[in-house]
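Multiple structures are listed underneath, in structure tokens.
Across the two complexes that follow, chain A remains constant while its partner is chain B and subsequently chain C.
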Partner chain A sequence: MAAPMLRLCCPGRRWALACIDGCSRHRRGAPNGCTSSRKRGQSSVAQQPFITAQKPRKGEHEWAAVVGLEIHAQISSKSKLFSGSQVHFAAPPNSLVSFFDASLPGTLPVLNRRCVEAAVMTGLALNCRINKKSLFDRKHYFYADLPAGYQITQQRLPIAVNGSLVYSFCAGKNRSQVINKTARVKQIQLEQDSGKSLHDDLRSQTLIDLNRAGVGLLEVVLEPDMSCGEEAATAVRELQLILQALGTSQANMAEGQLRVDANISVHHPGEPLGVRTEVKNLNSARFLAKAIDYEIQRQINELENGGEILNETRSFDSKLGCTIPMRDKEGKQDYRFMPEPNLPPLLLYDTESLPAGADPQQVIDIDRIREQLPELPSVTREKLVQQYGMLPEHSFTLLNEVGLLEFFQNVMKETRAEPKKVTSWVLNTLLGFLKQQNLAVSESPVTPSALAELLNLLDRKAISSSAAKQNWKRFR
Partner chain B sequence: MQFDQSKCSVLKGFVTIKDGCAHVVPAAAVDLYFCSVSPGPCGGRLSTRTMLGRTLREVSAALKQGHITPTELCQKCLSIIKKTKFLNAYITVSEEVALKQAEESEKRYKKGHSLGDLDGIPIAVKDNFSTSGIETTCASNMLRGKGYVPPYNATVVQKLLDQGALLMGKTNLDEFAMGSGSTDGVFGPVKNPWSYSKQYREKRKQKSHCENEDSNWLITGGSSGGSAAAVSAFTCFAALGSDTGGSTRNPAAHCGLVGLKPSYGLVSRHGLIPLVNSMDVPGILTRCVDDAAIVLGVLAGHDPKDSTTIQDPVKPFVLPSLTDVSKLCIGIPKEYLTPELSSEVRSLWSKAANLFESEGAKVIEVSLPHTSYSIVCYHVLCTSEVASNMARFDGLEYGHRCDIDVSTEAMYAATRREGFNDVVRGRILSGNFFLLKENYENYFVKAQKVRRLIANDFVTVFNSGVDVLLTPTTLSEAVPYTEFIKEDNRTRSAQDDIFTQAANMAGLPAVSVPMALSNQGLPIGLQFIGRAFCDQELLTIARWFEKQVQFPVIQLQELMDDCSSVFENEKLASVSLKQ
Partner chain C sequence: MWARAWRLGLRALVGGRRGFTCKADTKGSGRITAEVIEHLERLALVDFGSQEAVARLEKAIAFADRLRAVDTDGVEPMESVLEDRCLYLRSDHVIEGNCAEELLQNSHRVVEEYFVAPPGNISLPKLDEQEPFSHG
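Coming up: the complex of A and B.
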């Protein structure tokens, strides 16, 4: 059984991976809430859902789960994908709406260069082939927060295809073994975000906020190369880190800048893939893993009880911890795709194909963007391991906790203490404390300088280790 | 008429017209009320007493020389608008706006800082162009219901205003520009000013069947019929139409005007409420080719708000004067000789070809083999884009909203049921059918392929050395309304767009130029189709042709007789024209 056991720590925060001791108590649980529907493998599922999903008890059919993801990342840009309105989270409702965003008749889309560059950069970071010619399409459906009645997307010829996302996790008894996995990236497409609908059930009204309407999205489609919630969550976390390193998306799930739809099916190994369901709008890594594992188990249960899986869209109820079919009265939507006639094909160039004398403002050079790629998280981790002799799993934790790497590096700048000692203090003492207090790194009462000073005292043997551990919180 | 459809080739069929229609009206007759077309050897003498009948260029010169002020001009036009209200050319008359603009223009002229040829010139705009602060209806309940007032100007409108033009109002059309008669809008049909012309009336008197004259008025053609009527009836000097399948050229032909459909991508569509984005072009309706060139010169060029406009800078449009056509090659597409073509139009077409040939041009028969698929192909592409473009009219952000609030879906359905007429709803339904997943390949993709073939037909012809194509614009002259509505909108659109829509499919510039009056005393126009972005060359040839044929000016004095003072301008003793 290769699928490793992973632990997601500390509910309520966004760390997908934490390989240090002290938080293993927050073991990822099985889908809970709707557990009454589960009949088989109950006891082991409760502890080790992923293994159970693929390796049931002897004598039973083996089940394998297949998970693919569609990830929508809001592009970090000043203005929207096709209009000049600003992009801001939490601005007053309908304060960032251009005539185009409100779909006033006669308005036309004008492509935002920054969004194209972000897509190319993300494509390059995910080892994609960048299409030098890509096209825009209209996807039609009526919804109150989609003012034009269609979304402009890239259905036929997206900007980037055929890439890969390498994600790793720590496994083994001491969680010291790093396992690399790859999810193929089918494509990355540029598309518009929709507005937001706020349903007021009391007055049976729907309020529409178009601030988000038309914000640029990168839709990253991951092939069904994952097999459990944890793998999916880890892949998403890695993508999140990459996007943040690139600066192409803030990728903050809580603010809806990263949203995930999961396609899930189960089948017997060696047999064709099963009918899949789509679980929509997963907005935290934890819920993502939970929803997928729940859905896998639900499908297995359904099939084992002689039921069938419907090709349907489901949503995850985070309170109940289960997935439920979404209201879809009309049955399957036909999006009636057609080419967007107001946008000519998007042409990109590389150093070779760049037309002589081209206005740099009018063309995008893929090679130039490649040169500007920043260091990716995998490289940063490798450097930490090499530079500080750090254990790989520690490098993961440093990157996964928002702000922790910077904290660590700031401490390192000001202390003569051994890197290993610093690592241990930052990851065990500090992080353990922060988690206990439910604080983010940025909210830490202890500054990097204070910690550095403490470590210096310790290094000079001015204080004892036990005294330091008892009193470290006073250093501010 | 020696035109044997089955055998003869187009070329051999060219014959001179033996009798009947008044193809060339003597200059003297023209002089009676309105001055003749462009200045120059034959039109330079300005003996007329009127100003409104003049071309844009002439009146512009008069403004510069102070023979008339923008306010006087504006007031004259406003009074004619009132006088001709029954034509139903205007949906909204923006009297206050126009007068204010005239006032500002006048100040500029007084300071000697005129903004250019269009400063102080009354113009009209089809009511599917967005006009800031002025209601825009598309002749549909969908927008008219709540009185949709756009918060911005279409780029073409803004460009005209930036040049000091006076916006007289918004002109009538078929609902959302879907039609070829200007008969299918919520404001009712537009009446062709030629119905009331001396030329037409006299011919009718000769035949005198004592029909009820009022019920026998003619359609303008469409869908820019309001704009055509507005220019034709002298309420303004130029008007914007839109042209998706012929909507500018068709009414131009029926109303005796020049109707220009520029190359796709030369003029911005930003602010034009779309019918078919990939074919729509703002059109220009004027009384002569020169005027169309002036307006095109103002409108043409890249617009950062429309990504489909050309990036290259556009040079100012000055039409070189063409005296020698011997180096020209005129193509006559044989497929355009259809059985439905009226014999009169056919004769004039032949005559025009002969004219070019006699002046030394090479006139050859060419083939556009995919022409016959054009109508069907257009139907699929047009309705598909319509289905998509109309999706935004859901009653939420603007426009009509029904009273039903059971559910959002029920609200959408009722709003769209109430807001759109049968024609629009029919096209939405067809378009959605063609775009269904199961039909997309068989209809939409195939139609796109046919469109490419149609476009390639033109490429082949132009690559073979042809400079422009000469074709009819319409099958016949304008027909009475009662006649027109015997067929439904769809049939009519399919029939009437036959010669014009291929240019939209291929994105080519095309212009309809009035050639002569029919036996009934009604205008007949011919169309020139040029190479993509060779609009200037096209207009140069069109102007040469215009000069040769000396199309008569519409004589509306009976209509206007009790306000003859409107047409008089004593100050205009002499206007010198510089070309």
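Coming up: the complex of A and C.
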């Protein structure tokens, strides 16, 4: 199931606490899993959290980690960024490919209006400054799934800059303390996705499917304001919720609609930042925090043993639970950026600057888009707290579980019971049950109506509380 | 050391960078080293082939260098010759695709409607493994 694993309680409350206190200060400890060996079957992976809380030794330095993220979100549109072929997840190979996507000579890019609107919406939701003029560039590198040999992106002047992503997580003994954190958004840019490579090691070949080539992506670059895996994972989760609320991306990591690369470095507090490594292809919410924490610990261990950190690109091996250097990525890449000669600058307007008599199809009005922005998750949570008097951390859980908010609202429609009662039943009884049975909300055997009926009976005192709990068992 | 010479040279070649005022640069003797050639060949997969070609490249760079004689202080760089043109916005409808058969005809090898490629990038042989300008 695609349930986000970034729940606010991690395995063991101790872990969450250790993270909050120790997030910016990491202690020495061996990362479990691989040591130096990269061969499979030689390292034993212990089932423990990655940063073992050991007693600090005398005279030990404290370490601070910084984590920056580059998040690629597939834009939810019918057709691709620069061509009219369809955007769809599962389709016969190479059936959703136009001549432009296959980079046949003589084809030219034509910008999709919906993708621009999606970028503006996302920029506004993240408090960015929308650049009224932005430019497209070519980023050159060779790989079989990039038929043109370059990717059209926005390196010089992206569409939105200087925003912020506010995320919160619950800490403290009962997770009752809500801590707000902010990660600065450096920029948001429009760019093309590449095709898909399927590696056939047996026959020493790679099979290329270009269905994904040319799909519009929003790259959201977050400054290195995060200090551990959990913070990064929570920030990504919040961004996911925002994108889903806006409708600009379905942001489903399992389907590859949201991909995260992390830039990680460690240093002693007060000293300059260390050399950073890039960990690519973190495509699962579950492994995002793990991979980042592993890499932080790996860097600390390396430096404490007198080694040095190479500015390299690594990927996360989920089976071994460690990061390994990526092949084909040695040394610094030179992308030879140049302006995209086939696309004029992208001009956006607001109500003031809108040219009179302009074709509405051909102009984009930032103010109009701002007026029509859907409700953001933070506002939804605030309304829940105000309307139903629920605790903030409950509003987080309601939004974090896919479909749970809708379930809750449907129950509220059909019941006269007190909101606090409904909240308690939905978050504790229902959710606890679903988690135990490993079911998504959509797979719940109990419908909102059924729960509403049960709660009504309880409310009318037609049944007792213990009878209600008994009845609950019968639903299963 | 060669990296600077390369950057100097490439600035004129690539052309798309921001307009730096390059009055302070004096390194431009115009010679392109073998390391630069190797780097370019690896990046762009062009084959310089012969000493003649390198000399031609050096002449081209020297020619473009004359641009630096122009004082561009306070002048906004031109990003695109299309800067007066309107960027056409296409509405989001599906109008192409569904031509897998046609596209696959372009490929030398095909496996079940997939293009076939080697397992990874095949790097050019390193400088010392290459024969110096034997071709071209």
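To be clear about the criterion, the second predicted complex is superposed on the first by the 414 of 476 C-alpha atoms of A that agree within 3 Å, B and C clash if a C-alpha of one lies under 4 Å from a C-alpha of the other, contacts with A are read in each partner's own complex, and residues count from 1 in each chain.
What we mean here is this: a contact is a pair of C-beta atoms (placed from the backbone, for glycine too) under 8 Å apart; a residue touches a chain by one contact, two chains touch by 3 or more.
This is a predicted model, so every value here is computed, not measured.
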### Message
So in the superposed three-chain picture, is A:Arg336 touching just chain B, just chain C, both, or none of them (first/second/both/neither)?
### Response
both
### Message
Taking the superposition on A as described, I'd like to know which of chain B and chain C A:Ala144 touches: first, second, both or neither.
### Response
both
### Query
Where does A:Thr107 make contact in the superposed view: on chain B (first), on chain C (second), on both, or on neither?
first
### Message
If we overlay the two complexes on their shared chain A, which of chain B and chain C does A:Asn162 touch? Say first, second, both or neither.
### Response
neither
#### Entry: Touching partner for A:Phe99 - first (chain B), second (chain C), both, neither
both
### Which of chain B and chain C A:Gln250 touches, first, second, both or neither
neither
### Query
Which chain makes contact with more of the residues of chain A, chain B or else chain C?
C
### Query
Once the shared chain is lined up, is A:Thr206 touching chain B (first), chain C (second), both, or neither of them?
both
### Message
Between chain B and chain C, whom does A:Pro344 touch in the aligned arrangement: first, second, both, or neither?
### Response
both
### Query
Touching A:Ser449, do we find chain B (first), chain C (second), both, or neither?
neither
### Task
Return the residues of chain A at which the contacts from chain B and from chain C coincide.
99, 102, 104, 110-111, 140, 142, 144, 206, 208, 334, 336-338, 341, 343-344, 362
### Summary
chain A partner, complex, touching residues on chain C are 14-18, 39, 43-45, 79-100, 103-104, 106, 111-121
#### Entry: chain B residues within the chain A interface of the complex
129-130, 138, 143, 150-152, 154, 269-274, 276-278, 304-308, 311, 384-385, 387-388, 390-394, 396-398, 408-409, 412, 432, 435-437, 440, 444
## Note on the structure
chain C partner, complex, touching residues on chain A are 77-79, 83-86, 92-100, 102, 104, 110-116, 135, 137, 140, 142-144, 156, 197-201, 204-210, 327-328, 334, 336-339, 341, 343-347, 361-362, 364
### Message
Taking the touch rule as given, give the residues of chain A at its contact with chain B in the complex, in rising order.
### Response
99, 102-111, 138, 140, 142, 144, 147-150, 206, 208, 334, 336-338, 341-344, 362
